[in-house]
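Both complexes below contain chain A, partnered by chain B and then by chain C.
Right, the complex of A and B next:
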């Protein structure tokens, strides 16, 4: 392959992993938005906590890497359920301004709590993978990258199947479309709230734990992740799962290309311009509500 | 709201007390806090128009503040414009940018609006950080000064000292207060409240929620820009740190706890929540956690805020103010 094509392929490969992570986080955010009608500004904090808990399980307790990842997700989901019970339950039917301000407060709380516990320094999760790069047609990658890629893709599929194929997913989608009707046919709405919240937190925490081996995690990471996930959700259409997946991949690829071909520092601006374009020409997003 | 005599007395007492501050307070540090809180009053009143009166949550307000600071700083550094020109220019730039942004995003009010305002604020931070040729990036723009006040026939008055600049900020804060009061008491202000309380009803009466949200958004942003200009020249330095999310958080706390949808509440909130963080300086690590907790609890359990309901309660019960509530 010619060098320029190889470089392009390299950028695209980098973009796919980030894109898959965006998709994973945005799926949960869209679920919480659809079911609870809350724009959860604390969502990125679950990603950050997933990364930090995994880091501490591996490097401080010395737990096996492959056991630490799922355990980190369990820990974060437990915390999410506590938060759901203590705070989010009270936000049912609350005005938008209230729900947004509370989740912003929660986001600041969690970020600064993480700062107190762990300090500001970025941490990479130690992984058991060899650092020797793999080469394929001139495009380089690492075993860790392949692993992360496999896990995120698998999780997207699992999430999709959960929503589409299980009774639980069906109940969530029903609540999503019409709360009163769902309650009438015997769906317990408060339980669906808890499931939707746990589902979203689990996907974000998993993304954080997996990518934490790759991209160092710091307390401030959560805010950036939340922002990116919101961009994806608006791009894809608020409340659309397919939109979240496609939007995530599109943003990931666009940013990777931007980082490759534009002056550094500007790649994060791509999402904003994409959002403005979408709002001007297709306000409901690329995909309508599922 | 009816205005008993106690309110007029209270207003007079507060004004006199505010004018007397530099005569009583000689400590440079406390004077500094008064000046900063005055700057915040200007910005927070603008935020209150959007959040409190029209009922749209804007997270871009601190970005307009920072944009005003940068506008004024760049005009000073590149073109040698003094603050007297820089301040109106900063207000104008922030207002015009808000109009442009609002024309796109205020059509979709609600969650999308909130999210895009925060995305926009982040974009502005990126511009301030990465447009190094213009803004010097992380290094910021130092060396801003407070100009002398030239009055024809009187001569040039130096206002750079804290005790004198305090009056500049005080005048700005009072001007902002009067402007907002005129707006909210006019038919425009009543339309703001109608849109907040019942948008379908407002639309059915032919009141465009879009247009009136735009007015509040642009005027609010212009006030933030003006405040940013004052702040930049007072501190003498601007940097991308001005775009930190913590600024918009503290402004929201000032409005929400002060009592959104009133003017005196957020203004008093601005003063209280400029001084309060300083008392928490010992526990710097806990400060943001305390703030976040306050924000959550107040939003959930005190939708009317704390400051305004408390003050009106005291005034109504006493019939007359007990003593000067010097802020």
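Right, the complex of A and C next:
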């Protein structure tokens, strides 16, 4: 392949890798928003917690990497359920302004909690994969990147199937569309809320645990993750799953290609520029709420 | 009534506490990021200063009085750093300030120092324009990026055996001034710059930038990043199949970097103001104390902290009084011999005379391969 094609392929591959991660994180955010009507500014903190818990399970307890990842998700989900039960259940009828402020407070709390507990040191999760890069016609990747991409794609599919094909998913979508009507036909809204919050946190934690292998995690990581997730959700349409998946990939590719072919200092501006365009010309997002 | 009286008594004594203590101890304020994006390095700075001050106090303090540190978090955020400095000067009545890590925050804190006429030393902020403002209360005990570039740019092509250099640096004053100052000296020494790319403070992955740099086919990559990003950068550069030497300004030879980056830290060069393998009695003593107390080898931020607090306390001693104005005058006459050699300040309060180091990481240990002296600007 000619060098410019190789470079393009490398940018595309980078974009898809990061885009899948964005999609996974944004799916959780959009789920919580859609079902619970909460703009969860603490979403990135679940990503950070997933990364840290996985790191401690692998490097301190010496747990097998492949066992540690799901276990880390379980731990974060347990915490999310406690938070949902203690805080958000009580705020079910509260206006969005209130819940938003609560999530901002929660995000500050969780970040500083992590700082206190684990210190400011960034950590990389040790993985069993060889660090030697794999080359395919001059396009480079590593076994870890391939694993990450595989896991994120698999989780996106699992999430999608869960929402589209299962009874629980149906109940969630019903709650999405009309909470009161859903309650009337016998859906237990409380339980749906808990599932949605746990599911959203699980996706973020899974992303944190998987990506923690090559993106060091530190207490302050959550902020930027939340920001990216919001960009994706606004791009894709608040509360739309397909929108989160497509939005994630679009943002990942736009950043990779934008930074690749324009001055790279503009990389973050690309996402915001896309958001401004979407808000101006298609304020409901690329996809309507599911 | 009883409780009310007690509460009042406690409140009054708390309110008066700073004044009572001010008479007994010499208060030095520290504004460093102990949270936020560079919290890790900021904490090293704070812990080092604390350790050294404990040691100085054990040896009798300064002017026959104890030194008391008051630490505030500036979070590498100009607004928060200003608030921290204001609080330290107005409420805690510190006579001198150390801070504030990130150049943008230091620029903001400088104004506070000037307003309240309190001397301020930075050991870390390298943006060149800080000392160009003629702020009489601001001193910089570290070489600026252009000064490092002048000292080392000409040495790089030979030292790392490379001709084609690519720059991949942080998109702020520091990275920008690096990308502006090094190329000239590198080109004078027969090298060339084939690519210049930037990344943001908040970036966690750099795959696009690395791919672009790779397309330019460099023999060496020059980087500017603090620990967090340095780790991710060096891993991701190797993961995309680039094996050329990396030359980093920032935390590139610190223990924590080497430990976190693992094999990706091999064959990395650090362009640093301090490295723990410097062979001199004063440094060896510092490293020993640091290892005993903090269980790792001091990084360049520990070195910066050592310089800043030592120079400040030295000035207080020579001033003969815990008076900000006298300390400022004494700082101008600084002639300090420390862990990186002799440091003096020029008319703009920029440090010169100190040694800077090019260290090469081999089997996890940074070895000094080249040194240079910062010339009087």
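Things worth noting here:
Definition applied: the second predicted complex is superposed on the first by the 286 of 290 C-alpha atoms of A that agree within 3 Å, B and C clash if a C-alpha of one lies under 4 Å from a C-alpha of the other, contacts with A are read in each partner's own complex, and residues count from 1 in each chain.
Convention: a contact is a pair of C-beta atoms (placed from the backbone, for glycine too) under 8 Å apart; a residue touches a chain by one contact, two chains touch by 3 or more.
Everything numeric in this text was worked out from a predicted model, so none of it was measured.
In the three-chain model built by superposing on chain A, chain B clashes with chain C.
Contact with chain C, but none with chain B, is seen for A:142 once the two complexes are overlaid on the shared chain. In the superposition on chain A, contact is made by A:268 with both chain B and chain C. Using the contact criterion defined above for the overlaid structures, shared-chain residue A:106 touches chain B, although it does not reach chain C. Within the superposed three-chain model, A:96 lies in touch with chain B and out of touch with chain C [touch as defined at top]. Of the two partner chains, chain B is the only one that A:234 touches; chain C does not reach it. After overlaying the two complexes on the shared chain, residue contacts for A:115 are found with chain B and with chain C alike.
By the touch criterion stated above, A:123 is placed in contact with chain C alone, chain B being left untouched.
Legend: residue contacts after superposition of the two complexes on their common chain; A:214 is shown touching chain C, with no touch to chain B.
In the superposition on the C-alpha atoms of chain A, the part of chain A touched by chain B in one complex and by chain C in the other spans residues 112, 115, 223, 263, 265, 268. Contact residues on chain B toward chain A in their complex (touch as defined above): 51, 55, 57, 59, 104-105, 107-108, 110-112, 114-116, 118-120, 122-123, 126-127, 129-130, 245-246, 249, 252, 256, 285-286, 288-289, 291-293, 295-296, 299-300, 303.
In the complex of the two chains, the chain A residues touching chain B come out as 33, 39, 87, 90, 96-98, 100-102, 104-109, 111-113, 115-116, 223, 227, 230-231, 233-234, 238, 263, 265-266, 268-269, 271-272, 275-276, 279-280, 283. Considering their complex, residues 34-37, 39-40, 42-43, 171, 197-200, 202-205, 207-209, 211-212, 214-215, 227-228, 231-232, 235-236, 238-241, 256, 260, 262-264 of chain C touch chain A. Contact residues on chain A toward chain C in their complex (touch as defined above): 3, 7, 10-11, 14-15, 17-18, 112, 115, 119-124, 131, 133, 135, 140-142, 144-145, 214-216, 218-221, 223-224, 255-260, 263-265, 267-268.
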